[in-house]
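In what comes next, chain A is part of two complexes: it sits with chain B in the first one and with chain C in the second one.
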Partner chain A sequence: MTGLFEHIDVGHELQPLRLTLSSEQVRAYAQAANMPGGRFFSDEAARQEGLPGQIVPGNMSMALFSRLLAESLPGMSIKHLSATFRAPVRPGQPIVVHGVVIEKHCTDRGDLVECDLVVENADGERWVTGTATVQLAAGPTATAREP
Partner chain B sequence: MALDFDRSILGTEFDHSVHPAVRQTDIDAYAATVGETVAAPGLAPPTYVVSLRTRHFLPPNMPNLGQVGFDAGKDIDFGVPIRVGDTLTSSSTIHDIYEKTGRSGSMRFIVLRTVVTNQRSEQVAVIDQKMMFR
Partner chain C sequence: MILDLHTHSEASEDSRAPVETYLKWLTRKRDVLPVDGIVLTEHRQWNPNADYRELEDQYGFLILRGAEVETDYGHILLYGVNDAIAQRFDFANVRLNAQEVVSEVARLGGIAVPCHPGRPTIGLCEHYATKPPLEGVVAIEALNGGSRKGENERVQELIDRYHYRSFGGSDSHLVSFVGICATEFDHDIRNGDDLVRALLTGGYRPVDFRDRLRQGT
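After this line comes the complex of A and B, so read on.
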């Protein structure tokens, strides 16, 4: 019986998410995530804080990393997730959330893979970078989605 | 500005919060905003843990690190998943304070560590949040 782990090699690219977050989506996230900062709710409030306009919370970028992993590696569970916020992500701009498997490990804690993760804009500028350690589902039912 | 502070504040708890029981409606609202589907009914997406609102975001005795603070990054170790009905407790400490000098000048960082446990004292997450000051 083989599982997802056997079918994924180092270099496997995760199914990218291509999306444009709306101002309303960002507000909804900030509200649901209990993030009261005005910078997440309107251009006006953000400008008062010296920013060019409304920005996407860093936590929302991490949530998109989590969605990317869940959709690309069904049944996995995230053990570790990190992100570096290199530049503000703005609503209304097309972004791509993507990742690649960089390591595989069989451990006594299960089959683990390490992934590099990125949120970038249409010009390939990396706004958020991250890494994840995920435990893959055992058994034959899980199938990785191809990009 | 020289980075000079009382190092005894490192590791000292500055917030201890017990959060209201997790509701399915809270999980659904959170997941819907990022289009995330939950792994199983009653389970929260992993990053739901960052939605916990502590009483004090920053320590009251925080050293003066500069005027403008930015969220520079986050590092989360996940333990057991969050389930509907869980009552979560968070404990926050200053984990580290350090200075870096880059092309744009001197930057100071504070790392706030929050440990989240559930009502069974199981570890749900350890969250390190890095704030940058200029």
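After this line comes the complex of A and C, so read on.
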């Protein structure tokens, strides 16, 4: 019997998320995450801070990475997640969250895969980049979602 | 010979890419990314002790080292870095004098070439709009794999006006972006001196493998 680890290979692309975050979603996330910065709540408050308008909290972009991993690699657990914020993510703009498996390791801590992760806009501009180390679920039941 | 002249490994604070994983990825993607080697251009630093010969032998890629420094004309890539260049400049200084960098690096045996010239604030185009052109620049990074829409296109104006030679690099900070843009040389490059000589004399051009990569996956 083989599990997900054996079925995915280096170069495997995770099922991309295509979405447009609404201003309300961003506000709700910031409120739930107890992130009081005005820039997460309205264009007006963001402009007072010198920004072009309301922006998505960095943690929310990282949450999108987590969602991408969870939906593409069912049953996985994240061991490490990092992000580099290259440009502000704004609500109301279509984004694509995608990733690819870049390495696999069998370790005494389990079967691990390394992924590159990206949030980009419709023109392919990379706004947030990241990496993740995830442990895949053991056993034959889990199946990777194909892009 | 094809080299990616602009890459960052995990030695740069904003990169998560181990050098060996770059090489494994390039090995795996060789049919769509026909790159023969990479140049590590870490941000604002030079480590005289870094040695990748074992990885070169193991994976069969050329690994050269340079640096990306920050100046009053934006970011500049340095190739052929040697002890004299490393002692002459504080690579961590984010306000280096660009003219000094270009002139002195050349005098000391290397070459300094502006990267991502079309990028706001840190690219040459914006600085040339308000300041005199730098003397002694022979080439610029006309194709940068991390550029936003329109940034690479802005560079052509500089090339036409100042007759700069052009090269390409991925500016990869993640493993899966290495080699997407690179430079094709007419002659083999075996070491840093060869690279400096080639960049000075010509016989190279930027190459873009992004379409091939998209079609090949």
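Everything that follows uses one rule, which is that the second predicted complex is superposed on the first by the 147 of 147 C-alpha atoms of A that agree within 3 Å, B and C clash if a C-alpha of one lies under 4 Å from a C-alpha of the other, contacts with A are read in each partner's own complex, and residues count from 1 in each chain.
In the analysis below, a contact is a pair of C-beta atoms (placed from the backbone, for glycine too) under 8 Å apart; a residue touches a chain by one contact, two chains touch by 3 or more.
Fair warning: this is a prediction, and the values are worked out from it, not measured in the lab.
Enquirer: Name the contact category of A:Glu114: first (chain B only), second (chain C only), both, or neither.
Expert: Second partner only.
Enquirer: Let me test your reading of the model: by the given contact rule, A:Ala46 touches which partner, first (chain B), second (chain C), both or neither?
Expert: So A:Ala46 meets neither chain B nor chain C here.
Enquirer: Tell me the contact category for A:Ala33 with respect to chain B and chain C: first, second, both or neither.
Expert: Touch partner of A:Ala33: chain B, not chain C.
Enquirer: Figure out whether A:Gln25 sits in contact with chain B (first) or chain C (second), or with both, or with neither.
Expert: In the superposition, A:Gln25 contacts chain B only.
Enquirer: Is A:Asn59 in contact with chain B, with chain C, with both, or with neither (first, second, both, neither)?
Expert: Once the two structures are laid over each other on A, A:Asn59 reaches chain B alone.
Enquirer: Under the stated touch criterion, name the partner, chain B or chain C, that contacts more residues in chain A.
Expert: Touched residues of chain A are more numerous for B.
Enquirer: Regarding the shared-chain residue A:Val100, is it in contact with chain B (first), chain C (second), both, or neither?
Expert: A:Val100 contacts chain C only, not chain B.
Enquirer: Taking the superposition as given, does A:Arg67 touch the first partner, chain B, the second, chain C, both, or neither?
Expert: A:Arg67 sits against chain B, while chain C stays out of touch.
Enquirer: Go through the superposed model and pick first if A:Leu14 touches only chain B, second if only chain C, both, or neither.
Expert: The answer is neither, since A:Leu14 touches no partner chain.
Enquirer: Quick one: is A:Thr84 in contact with chain B, with chain C, with both, or with neither? Answer first, second, both or neither.
Expert: both
Enquirer: Can you list the residues of chain A that meet both chain B and chain C?
Expert: Touching chain B in the first complex and chain C in the second, residues 82, 84 of chain A appear in both lists.
Enquirer: So in the complex, the part of chain B that touches chain A is made up of which residues?
Expert: Residue list for chain B touching chain A: 26, 29-30, 32-37, 39, 45-47, 50-53, 68, 70-78, 81.
Enquirer: For the complex, which residues does chain A have touching chain C?
Expert: Result: residues 10-11, 13, 82, 84, 100, 102-103, 114, 116, 118, 123-126, 129-131 of chain A touch chain C.
Enquirer: Which residues of chain A touch chain B in their complex?
Expert: 25, 28-29, 32-34, 50, 57-60, 62-64, 66-67, 70, 75, 77-85
Enquirer: Mind pulling up the chain C residues that touch chain A in the complex?
Expert: For chain C paired with chain A, touching residues are 14, 16, 21, 24-25, 28-29, 146, 148-149, 173-177, 217.
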